[in-house]
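Below: one structure, written as structure tokens.
So that you can tell them apart, the chains are marked A, B, C and D in the order they are listed, and the count of residues begins at 1 in each.
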């Protein structure tokens, strides 16, 4: 009975963070794995939990031809990495970097004007849970660092 | 007029610490100097103020034949060093150590049963001024350490 | 709000009533605080002792003859004596530091770097907190000594057999947590000391998780060094202590130079003040020391024996009730544990577990708990952790168990 | 009791009213507190900020996803940003330490030991506080570098000519107090930096006595490292900070290992978290940081420019009125000083001066002020010292001068 009473508040509270589309990406992640032919690859970890997410990119003719991510993380970090792939595959590298930068800005800058593309916008609830921002931005930071290491710089981080 | 008002309280308050006999020893210290023929000598300093008092002893036939102190210090440390000389010259070394130990106990142990010999008792007011205990015991500790270094031990300190 | 000053110990309801943080709701629910292993809540008497210092006699210590300074110095030194007494030693053997981490670093720098030779061995377990591991890695690197690990038993406990087997003629120092902050294991320090001293090895104990929970006497344990933190035992942040056996302290170099830790200084060199002052460079955390003494007094008024039984009972009950939940893994032995229960639910990341629990007003920690080598040994990345203390109740365990059912439901949908 | 929230700055009476310690009598007299250079009094807003943390959200930072931890983390990082802003820099360049002493030790260990070679020179003055001297003696001993002193001018000031003359091609590091805690001298840091940087030397500034009193911008000063303490600027004990230029911080090794300063740890080695976190090993003084931010906000509401003028005026007036007293010696320049006046009365030991003043409710410090080499340079053993701050008044100067007349009378009888 106690948990019945909690049920309502639980839903009201958490569903802002854990939107259906996030849980879907978490349970059915897209592009999970590695690229044997990756041109860019970088792993980052979240020092609080020890989670690590690595991003593999295959850049061809200045475009992100393919994307994979690997590692383990919480629902937020996995879903975010999964969504990021949808948002960058096929894009010119500068635009891919811009997606990642814009998403980090969207979550960390209260004055942000950004609207992240595709499913990423569903992660907006993370703004109310500052402890989870690191989770949500892990793959994005990895992608930016991977590309920056080859000359496509985003903002310093 | 302000200082006139203060005057009363000043007297009531401070005279417990600065008894006449103490100011007399401070202004006319006994046995100040060094002993060229000292058998025992030891300097100690008070880390708070950098003051240093050195005690020279001349022990003959197991007695403190002579005593001198040197250095600089506040009225309390100088007076105490001066009084200590009066109290130990002529005494067997064990008794001299006992004077110093008893005096330290008198000032630092609330249950102390000690009554220091001679003018030293006038330093009893120091008990109400804990910050000055180090000053009052400097020469006494030096004497104990000097004698202990030659086998006459007081309590560990 | 202080405890009623009766001669009988306060009830648990009275105890919990002394902690103002519990008088709040979190996300609409009365707070259940199960993160005391990270830091404990503070009773009003501690908060008041700190405020009183700042309000009435906010003076520096050891430095001036004026009245406020005298009062501050007296309170600071009385705090030293009280905290020392709490762990069964005397004031002159107790160094105030800023916490366990600084305490261990002081020994690793000041004692180990001076005494270890290339090839010497530092014996420890894979369950150590980073604060009792990384300083030894650094000391080993600086001296050419090496770390030797005594593996844990299958239940995750320090095994005396493994420890015994790990000793060699080069073992110079053994360091181990008194109580693990993940497994809740209480390690048999007395046996460790006996064994180590037979090999002429020095014993350093990380007491961060034991001093808050168990009656501890460093003298009876016979350890050489013992480190702990105030903030985990109802005390302020930024204060902790190091006990050192008098002979060991005297052969330890200071870590922080400057301020009142000196005897004489000239342009080229300096000599040190007596132990323990030589280890307290700079203006100390005076408010912290005074608050810690108030915390000790509070814990003593409740009774350390009672506290030990209370938090252990709650933790054991929680462990036993969590273990049968679907997909649950509880780390360490079920029954043999102190106040800590680390666990995972299959398919749900600890962050998500903690997040759902938080939405129910239940605070647990999620992460590697500063014990990455232990996580690797357990073959996990991280875990959730519920930790109990004197203000927790059986209802808190109920709420935790119910909450975890909600977690399962939420991520199972 | 907080300051009225008007847009105009509070009057000095309102300012003094914010400090509860002043609402007491000492030995029958209203307290005159002239020992702020040792530690300052605390305004109610600071005491309340500390209590509020302990009462409402006494959680550890950076470690958990639960609500209390989130609130504590946010407050701690907001404190970093505010304290950084106060000295003209950004949060990521500010390391929380336990005080100036730890800050200087961090640079002397973590930067100097890594960068100094045998024969390199560390340039400093004989006026340094032990906390900005002994760490350099130790770094010199460890690296084979040597200390080179630039002598003071006859008035006891840092002389740019002497400093210039002391530079050699081996000068790698210059360290100096921004304001002397004995002479009250404000040293020309911008000129020092310009000179040092022309010689490719790194500049470390001990700001313990400047940050409380002057508007400071480490960016405008151009220093490499800058250390200060919270407890001297209306903040809590056990908290302080180190500013480091980003490139310098990145080339600095940590001093304290363990806790959350790591990135990854395995059994044999560890990697460090980003700057500034890698320098904050162990649970930080969370309450201290939050209280320090409240102190900064309070100081800003009064106005640093006003505070600077106020304390300087009181100190100069005190110096000018003490100098003519029978047997009085005032150290340093009469007119060119910040908030500090060190002095002696012939034939009366500073302890006795302070004792008599204390009996009149006036708190001054007596001793070597952790500056023994300066005492030696001044050819004295110790001195009395009156130091002024925002809550002091001209009546306090009157009481001091009258008090010193009493001292003369008492010891002249």
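Here are some notes:
Here is the rule we go by: a contact is a pair of C-beta atoms (placed from the backbone, for glycine too) under 8 Å apart; a residue touches a chain by one contact, two chains touch by 3 or more.
Here the structure is a predicted model, which is why all the values come from computation and not from measurement.
Taking each chain's centre as the average of its CA atoms, chain B and chain D sit 36 Å apart. Chain B and chain C have Cα centroids separated by 44 Å.
Multi-chain contact residues of chain C (touching two or more other chains) are listed as 27, 63-65, 69, 260, 262, 264, 351, 355, 366-367, 372. Touching of two or more other chains is recorded for residues 48, 50, 129, 132 of chain A. Arrangement of the chains shown, judged by which pairs touch: an irregular graph that fits none of the line, ring, star or complete shapes. Contact between chains, as defined at the top, is found for A-C, A-D, B-C, B-D, C-D. Residue ranges of chain C in contact with chain A, taken from their complex: 27-29, 349-352, 355-356, 359-360, 366-368, 372, 375, 381-382, 398-399, 402-403, 405-406, 410-411, 413.
In the complex of the two chains, the chain B residues touching chain D come out as 2-3, 6-7, 9-10, 13-14, 17-18, 23, 48-51, 72-76, 129, 132, 135. For chain C in complex with chain B, the residues that touch the partner chain are 62-65, 69-70, 73-74, 260, 262-264, 273. Residues 45, 47-48, 50, 129-132 of chain B are the ones touching chain C in the complex.
Taken together, the chain C residues at the contact with chain D in this complex read 20-21, 24, 26-27, 31, 33, 35, 38-42, 44, 46-47, 50-51, 54-60, 63-69, 98-102, 104-105, 108, 126, 129-135, 137-138, 147, 149, 229, 231, 236-239, 255-260, 262, 264-270, 281-288, 351, 354-355, 357-358, 362-367, 370, 372-373, 376.
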